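Okay, structure first, notes after.
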Amino acid sequence: MLDKNQIAQRIAKELKDGYYVNLGIGIPTLVANFIPEGITVTLQSENGLLGMGPFPLAGEEDPDLINAGKQTITTLPGSAFFDSAMSFGMIRAGKVDLTVLGAMEVSENGDIASWKIPGKMVKGMGGAMDLVASAKNITVAMMHTNPKGESKLLKKCNLPLTGIKCVKKIVTNLAVIEVTENGFHLLERAPGVSVEEIQNKTEGNLIIEGEIPEMNL
Amino acid sequence: MNKVFKNAGEAIHDIGNGSIIMLGGFGLCGIPENCIAALVKKEVKDLTCISNNAGVDDFGIGLLLKKKQLKKMVASYVGENAEFERQLLTGELEVELIPQGTLATRCMASGYGMPAIFTPAGVGTEVAEGKESRMFNGKEYLMEYAFESDFALVKAWKGDTAGNLIYKETARNFNPLMAMAGKVTIAEVEELVEAGQLNPNEIHTPGIYVHRIFKGSVYEKRIEQRTVRD
Amino acid sequence: MLDKNQIAQRIAKELKDGYYVNLGIGIPTLVANFIPEGITVTLQSENGLLGMGPFPLAGEEDPDLINAGKQTITTLPGSAFFDSAMSFGMIRAGKVDLTVLGAMEVSENGDIASWKIPGKMVKGMGGAMDLVASAKNITVAMMHTNPKGESKLLKKCNLPLTGIKCVKKIVTNLAVIEVTENGFHLLERAPGVSVEEIQNKTEGNLIIEGEIPEMNL
Amino acid sequence: MNKVFKNAGEAIHDIGNGSIIMLGGFGLCGIPENCIAALVKKEVKDLTCISNNAGVDDFGIGLLLKKKQLKKMVASYVGENAEFERQLLTGELEVELIPQGTLATRCMASGYGMPAIFTPAGVGTEVAEGKESRMFNGKEYLMEYAFESDFALVKAWKGDTAGNLIYKETARNFNPLMAMAGKVTIAEVEELVEAGQLNPNEIHTPGIYVHRIFKGSVYEKRIEQRTVRD
């Protein structure tokens, strides 16, 4: 079973040289720590920055320089600032190669719910609806089950949707799954996790074809 | 034609009860601190505030919330604010949530004289309810209308007496977009210079969009999530 | 009868303090020479400049700094450069207070023709269609008649239109005319020009109410 | 990921016969001189060129016209070019004229992922023929579609190895808009520096929109209408 850092580490393996990538809040942010050596990946922060760098050293925080999670950050050489309309413009235009987001639920047709629990929590969708509707390559990073142990990979989402038919890949603490026309296609198992366990914890249709390899971190 | 005002109080003198105002900023980054302080002091009521976020409990738009000066909040993300949640749950506050890119682009559409735009954000979700949708190249888009406000309050890094503005780093965010969407746009700046002192190649908001400008007296620039590396 | 400079001079009297103004090619450009003292008027050039200044001194021409007529120009303090989308954005949004354009024909309902003579000349509309469709205050500067002596103020335009029902005011070598719902409303005569002459040279409906004052340059 | 090319010839190596290309510039100001020279040298044919203007007889896009390399010209204003007029009248050249603001905004729409925009330009004229129109707030607008090209050739003042661009003065014009509208965007610059040498606050075109960049070998920067005062 993977921890949060390992989920991020596995997602980082999807990165390719020259990719522009938008990382959501939570586990997705951790992906930045595992960018493979030798390739150039440029991080986009939807509040108006390309070329996001690591957190600043203590004492060097700049209140005018934050990421979409409102965290203090730095820039890397070659960065550029722009306004929020251009930021979502480049997202809508498909210029961002990979978007990694958290989710509360994903359904077997690629719907995602992540922004609202009726009667309990309404923080707003922020940029998530724009991102999932626009990006060509949406990967979800999340735990396979919720704190109650219930599957987050469902036949149909119960919570209000963030977007429809948009999730392409899911990396959880248990598995790597591709969303296909017929449902969740199991690609890889986490080290030490059986196909049976994944099957038990996946409510939506899980497609198991041939031998499922253990993932290589 | 003088656009320069002495301070926030004078610049916002005609913002009255029930006004619809846009406020630039993302989180607490690039917010018009001095205008907000002046609105609190003026005790205007029943405001409709359009802003990406609603501040925190004791800063930014949170200060207006605490004084119950808001009738309605239009935003994309309103977390990190307990008083907000309380007013929302009791029904004291009306809230409209809009996807962030849609909010930004609707402001720009106003400044660009485009009455409506098409965006895929929100298709198939409750955001799409009651909205016209349309297919382009096999993909569904919602039609969203341009967004104008009575007043736009924006914060820039540098400004000149002609109203030209330059923003700093990610404090740019919604500021240039809202600056274009105000019937009256009021800019507060950290540094106010004479026309001719800014490089015309580096202007982010041309002065034609800015009606009033003043130098903010203090900038606290509070950090919401201080994060550092070892 | 006015010459071109005097037409420009008369139009300049319409300027008010704080106005943003777009001046077309030809007579309109000359308006810049007659801006009344004591007021601030900012000239917009639709190729991407606010704060256009006079032509440069010989030897100081900058090929990267031109106006919409492709002429070398200068900037004034407080100027700003922007791209063509923002330029027409501010025009469409009604931020430009006064637009002065030339025309080949104007009709009594405010239609304007200025960009094409079928079979003879097709240079293109440039920014004229955007300007006339967007600006709230369109003033036409032109000769009252064409080189053949035919009226350019018509019941209906014969040439392909640039825009419809958009012209608010016309300043010619003979008269100042306001376009109203009922047609061309004569406001002022050029020095030494009779109402009868204006009437004879105006094909469209000319409204003459009371004494028509001679214009004051 | 290397975006830097040695020269114009290498940067445009895959522009072939029949390509649809956008070229930045207004008149002769801010045109991609080196790319045009390379296209002339490569003798590619049947090009569709999208550009605000068509150059003059012996410079800019006029050079491609003279060599009869164009099948179609899409522009807003095509005066000052006798060879153009000749090819137009003989039917050798297909021409589509688009209002300048519509052309600019359609390019931007492409770079902003907006499939269509609304503009009042052309309502009631032959430009409106066959187009969908729609009323907003009592005013009529035409729906115009986003404009994309196989290649966008743009000229900037400064650029860096990450593809970020800064334009100079009115040489900006259509360049940032077309830079956003190319499936492949090729930028030629007067000065090419390492990533990190440009101020990220002053970038006009973020590098994400630029696929290839090279330093132009010569810039003639011809002036179309030299005007001076006494």
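Lettered A, B, C and D in written order, each chain numbered from 1.
Methods note: contacts are C-beta pairs under 8 Å (C-beta built on N, C-alpha and C of every residue); 3 or more make two chains touch, one makes a residue touch a chain.
Computed from a predicted model, the values in this text were never measured in an experiment.
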item: Lowest number of touching-chain links that must be crossed from subunit A to subunit C; value: 2
item: Between the pairs A-D and C-D, the one where more C-beta pairs touch; value: C-D
item: Chain whose mean Cα position lies farthest from subunit A; value: C
item: CA centroid of subunit B to CA centroid of subunit C, Å; value: 36
item: Chain centre separation (subunit C, subunit D; CA means) in Å; value: 28
item: Whole-Å separation of chain centres (CA-atom averages), subunit B against subunit D; value: 33
item: Contacts with two or more other chains, residues of subunit A listed in rising order; value: 49, 75, 81-82, 85, 88-89, 91-92, 134
item: Multi-partner residues of subunit B (each touching 2 or more other chains); value: 105, 112-114, 119-120, 167-169, 200-201
item: Every chain pair meeting the contact rule; value: A-B, A-D, B-C, B-D, C-D
item: Complex interface listing, subunit D residues touching subunit A; value: 1, 110-114, 160-162, 164, 180, 194-196, 200-201, 203, 206-209
item: Subunit C-facing residues of subunit D, complex; value: 26-30, 52, 75-79, 88, 95, 97, 99-105, 107-108, 119-127, 157, 167-177, 204, 221-229
item: Touch list for subunit C against partner subunit B, complex; value: 17-18, 20, 39-40, 42, 44, 49-51, 75-82, 85-86, 88-96, 134
item: Touching residues on subunit D, where the partner in the complex is subunit B; value: 105, 112-120, 136-137, 139, 141, 166-169, 200-202
item: Touch list for subunit A against partner subunit B, complex; value: 45-49, 54-58, 60-73, 75, 81-85, 87-89, 91-92, 111, 122-130, 133-134, 160-165
